[in-house]
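Each of the two complexes below includes subunit A, the first together with subunit B, the second together with subunit C.
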Partner chain A sequence: MSVLEAPARTAATVNRYSRISLGALWSGVAVAALLVVAPAFIGESSINQLTQFFSFLILAIGWNVLAGYGGMVSIGQQAYLGVASYAVLYLSLHGVLSWWAAPIAIAFCGVLSIPISYLAFRLRGSFFAIGTWVIAEVCLLVVAQIESLGGGAGASLNDLNRFSPHTAGDVTYWVGLAIVIASLVSVALLLRSRVGLALMSIRDDELAAEATGVNVTRIKRIAYVLSATICAGAGVLLILSNLEVQPNSSFSVQYSAFMIFMVLVGGMGTFEGPIIGAIVFYALQQWLAANGAWYLIILGAVAIAVTLWLPRGVWGTVDPHNRRSLVPLRHRVTVASHLESEE
Partner chain B sequence: MTMLRLEGVTANYGHLRALEEMSLSLDEGEILAVLGANGAGKSTLLSLISGELKPSNGKVFFNEVDITHLDPYRRVRQGIALVPEGRHLFASLTVEENLLVGGSTRRAGSWSLDAVYELFPFIKERRRSRGGQLSGGEQQAVAIGRALMSNPALLLLDEVSLGLAPVIVRDLYVGLRAVANEGTTLLVVEQDLTEALGVANQVLCLLDGRVVLTGSPQTLSQSQMMNAYFGDGERARTPGDR
Partner chain C sequence: MVWTNAVVQGLLLGGLYALFSVGLSLMFGVMRFVNLAHGDFSVLAAYAAYVLVEHAGGTPLWTFAAVIPLAAAVGFVLQRFILDRALAAGDLSPLLVTFGLSIVIQSALQQGFGANNLSLFLGPLSYQSWKITNTLYLGRLEVIVFVVAVALISGLQLFLARTQPGRLLRATADNPRAAALSGVNPRRVRALATAIALATVAIGGLFLAMRTSFTPTSGSNDLIFAFEAVIIGGLGSLWGTLLGGLILGVAQTVGSQINPADGVLAGHLVFLAVLAYRPQGILSQRSLA
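Here is the complex of A and B:
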């Protein structure tokens, strides 16, 4: 009697949807639909605030892909934020309407991240983190040298001035919403694929992943490029809403601090974490912005408190085993008949 | 036909010579137990075959193809799977996800989740548990299952019994015997002789990075193997050693 005979007859089906996740999926669609029509109901300043919030949310999503799921802690993702902002500026100076420049700038950053990944992947762990920061600083220095883009002083994005602030605000808001949705969907699709599973296996044990047949470098590169592309989305949104760029602020390492804050607070390596983290971060920012330095002190205190008492972040604490995940990402394999009865 | 062949392979860790001029030939369907004390070079041998370590000299052939410089993940796709010492499960992934990672090579073969659960029924009920939450024996079973999911032609097992209760080790070896009966070639590295010798049809003893004894477990005597293991007899015969 062969142990291998029986399984050939019964097939396992991979089933990722639970009742909760289906509910969450439809709620997500409903929220997205509400956000799409929101400009018809809420005022200009609220729309602009939502746009700001989107840019932070996008950053958190992008950083979480890399660090949370891939285990690659980068403190240089602002490189792509800055390059994307400047790419929009460059294209607008060459006659491309800024909103149309957005997807081109994002795609450019995705392509740019491929050669950069060959550089960054020569380093590991904390050296990788420092290395990515150095790369971001190099981008800053290079961009600041380009006089046609305003050099060190920065430049304004003028081509949207011909629209009323109201129209410009709304269109930029929709661009931001589209980037948020595209980021969430692409991360969800990545995680549901074999690539996502391989990525998490690398995060857990790189040597074992390679010994199990995972092409470690390729998978890490996919995650790195996706993360860079998403962070570029935030850069695009920031220049579209601020209508100006300045190298020292676009390439500021402060963005990395914000990304780390949001993802740690929300729950690293969870799909919901960056969303919660971005909400907490944005709320704190709105609440404390008037208090100057106290804002950063309180932000730091919150980060320390979360690390000490909620080391898995808000979502990681609510759902420590990732069982109630709202998004159907895990591979819930249902093996036919004889195992089904145990469910 | 010869499945695995090592030709004069030497491996170093820095200045330390871990394996010296090692040659080895393993036929399809054979079950080779590699024995030896700590530091004899057993794990180094597996690292060379799995590709984690590249030899400083010599060549490794798999199905008569030179794989000396092939990356580990490519070797898995060619049919060499490793169950590493210390299990090395993906701690945050569930049992099932661990197995699915193993299956991601898409090598053709008969192994599937069902087949692994049938081989080790005690991990079936833990399939939603995370790798990090399992007992040592369960982890070892999942590690073996994960390797099997790549449908290997050659399965390398490093210290399967390490730190496990004898009753669990027996269960695991019952499973491995079933795997071998399917025609999979096994290379088993062990410090614990009993189970390994029970399943093997070839034995190779390593001592200080050299092969000191080969043969079949039926023809080799207990004392021959003990000498090879601890080095008494063989060392005395090496000129200049004393």
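Here is the complex of A and C:
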């Protein structure tokens, strides 16, 4: 085909939705609708289990924004988890009903993460990872000294006791579901925006992104703040479902291990990855948690193995070229002459 | 006088922290990543010494002879079979792999030994001290640990500055490609760096286990302190690392003097202050990679 002929034959259309992603979108809406009405059909313990699952799912989504898209490995996101839990406790002690305290606590963490990012962003790569961990440890040590919040021993959240456990469980479940949906939608919207395009270009090649005019630091800061906000959602959900907090467990670095595991296994830097990772993680936890430390040994070993031999994770292996993406995040260029290519 | 005491004890502790940092900054220099299981290897060494003493008896001091070569060998194997692979797999992989390794080591120790505090007891040496003034006593063990730590760091600095393997390490740290082009075998240099790192951190782990105690998860703190010392002092020279360790040690003991629960927090705050006002570290001119 000569070059001159080409324009005539390429009546290309740009489309964001593929048949798969449209199907996935509607199935997603259907699943969400089913989950909303689920408390009417399934028992209390299943609902509580789903709430637990939601908190892990939220963590995975939050960590993926930071590491998968922003290329920043943090082992300190538990800072926001813990601060959010304690913010709910603080507000409930000051007369705000815990469920209403949830959005305030999440917003507070989002704002808090902005000044923290200026400190953390002085470090890069490996040093950023440990630096964020130190920041989380500082939060832990400071919170453990506030006697009105229970000090090192922790405290319980009492203001939901006036509701029946059944009602409390259901409302907390809906709060959790709302946070999950809000997290997924905000990540999807971010990725579809101009900022998202810049973020994905940084993920693919930071130097090239900067060279083409992307303000790398600003874009990374947006990812950091969004990630902190989402992780705060998990913290809120954890205190609402456990009804107690303790500094050493709320700020435990183990949450970072869980986040890393879920995102690595599912597929870093993919929208679907954290969801798959959270399901695998939750199943593994149900299966192995009774075995104490063995469970963590297996978790760590799987994380090592996946990094070395399956670096794209489950979803990245299923869909190495982003052709089957379930979420319409990219522009798809469809060329009329049976050729289909993508941007 | 309590403050003089706090500062002196802090300096003694800081020498040990610097010993933890040396391997961290050496590996970072050569490979541009931080081994997140660094502290856990020091704890692993302490458990190895503990097991050796349980079975063979005697003073824990002799276990240095067994644990140091063992740690160096583990470092060599770790580099050859895991870390080299991780380095080839991508930028973030070494971090993720070593974090996974940290979880595996901590959980395995928890499974094998339980969560109890253990210590390597040296008999009278563990509590004897030299009296300097009526309010200032220097623990013999603390002084010995400090002297050995500073001697080791100086020795390592000499090794890096004067010997052929040391030159290869520095060349690779400065510019790995140029070093490889001039005939340096990067695989061998990386294995050497990791072997030295694990040997030094094992010595630090044994000393710390003799001075205080250890648990399966105490490696996390060892890593954080080592990292803080590196950042406070500044990358690039071991003297900076030593200075960083001393500052961190003093910050912690002075902090504990103010409020016994605040020692670690005071160290973190000094670290954050350095990060905010002098992110390249106190001695270094280079910015952090």
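In this section, the second predicted complex is superposed on the first by the 315 of 343 C-alpha atoms of A that agree within 3 Å, B and C clash if a C-alpha of one lies under 4 Å from a C-alpha of the other, contacts with A are read in each partner's own complex, and residues count from 1 in each chain.
In this text, contacts are C-beta pairs under 8 Å (C-beta built on N, C-alpha and C of every residue); 3 or more make two chains touch, one makes a residue touch a chain.
Values in this document were obtained by computation on a predicted structure and should not be read as measured data.
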Touched partner set for A:L284, first subunit B, second subunit C, both or neither: neither
Which of subunit B and subunit C A:A178 touches, first, second, both or neither: neither
Contacts of A:V96 with subunit B and subunit C, given as first, second, both or neither: neither
First, second, both or neither for A:V73, with subunit B first and subunit C second: second
Touching partner for A:A129 - first (subunit B), second (subunit C), both, neither: second
Interface residues, subunit B side, partner subunit A - complex: 50, 52, 71-73, 76-77, 81-82, 84, 88-94, 96-98, 100-102, 104-105, 110-115, 117-119, 124-125, 127, 130-131, 146-147, 150, 178, 181-182
Residues on subunit A engaged by subunit B in the complex (per definition of touch): 2-4, 6-8, 10, 12, 194, 197-198, 200-201, 203-205, 207-216, 269, 321, 330-331, 333, 335-336, 339, 342
Residue ranges of subunit C in contact with subunit A within the complex: 28, 32-34, 36, 82, 85-86, 89-97, 99-104, 106-108, 110-111, 220, 223-224, 227-228, 231, 261-262, 264-265, 268-269, 271-272, 275-276, 279, 288-289
Residue ranges of subunit A touching subunit C (in the complex, touch as defined): 67, 71, 73, 75, 119, 122-127, 129-131, 133-135, 137-138, 141-142, 145, 253, 256-257, 260, 264, 268, 292-297, 299-301, 303-304, 307-308, 311
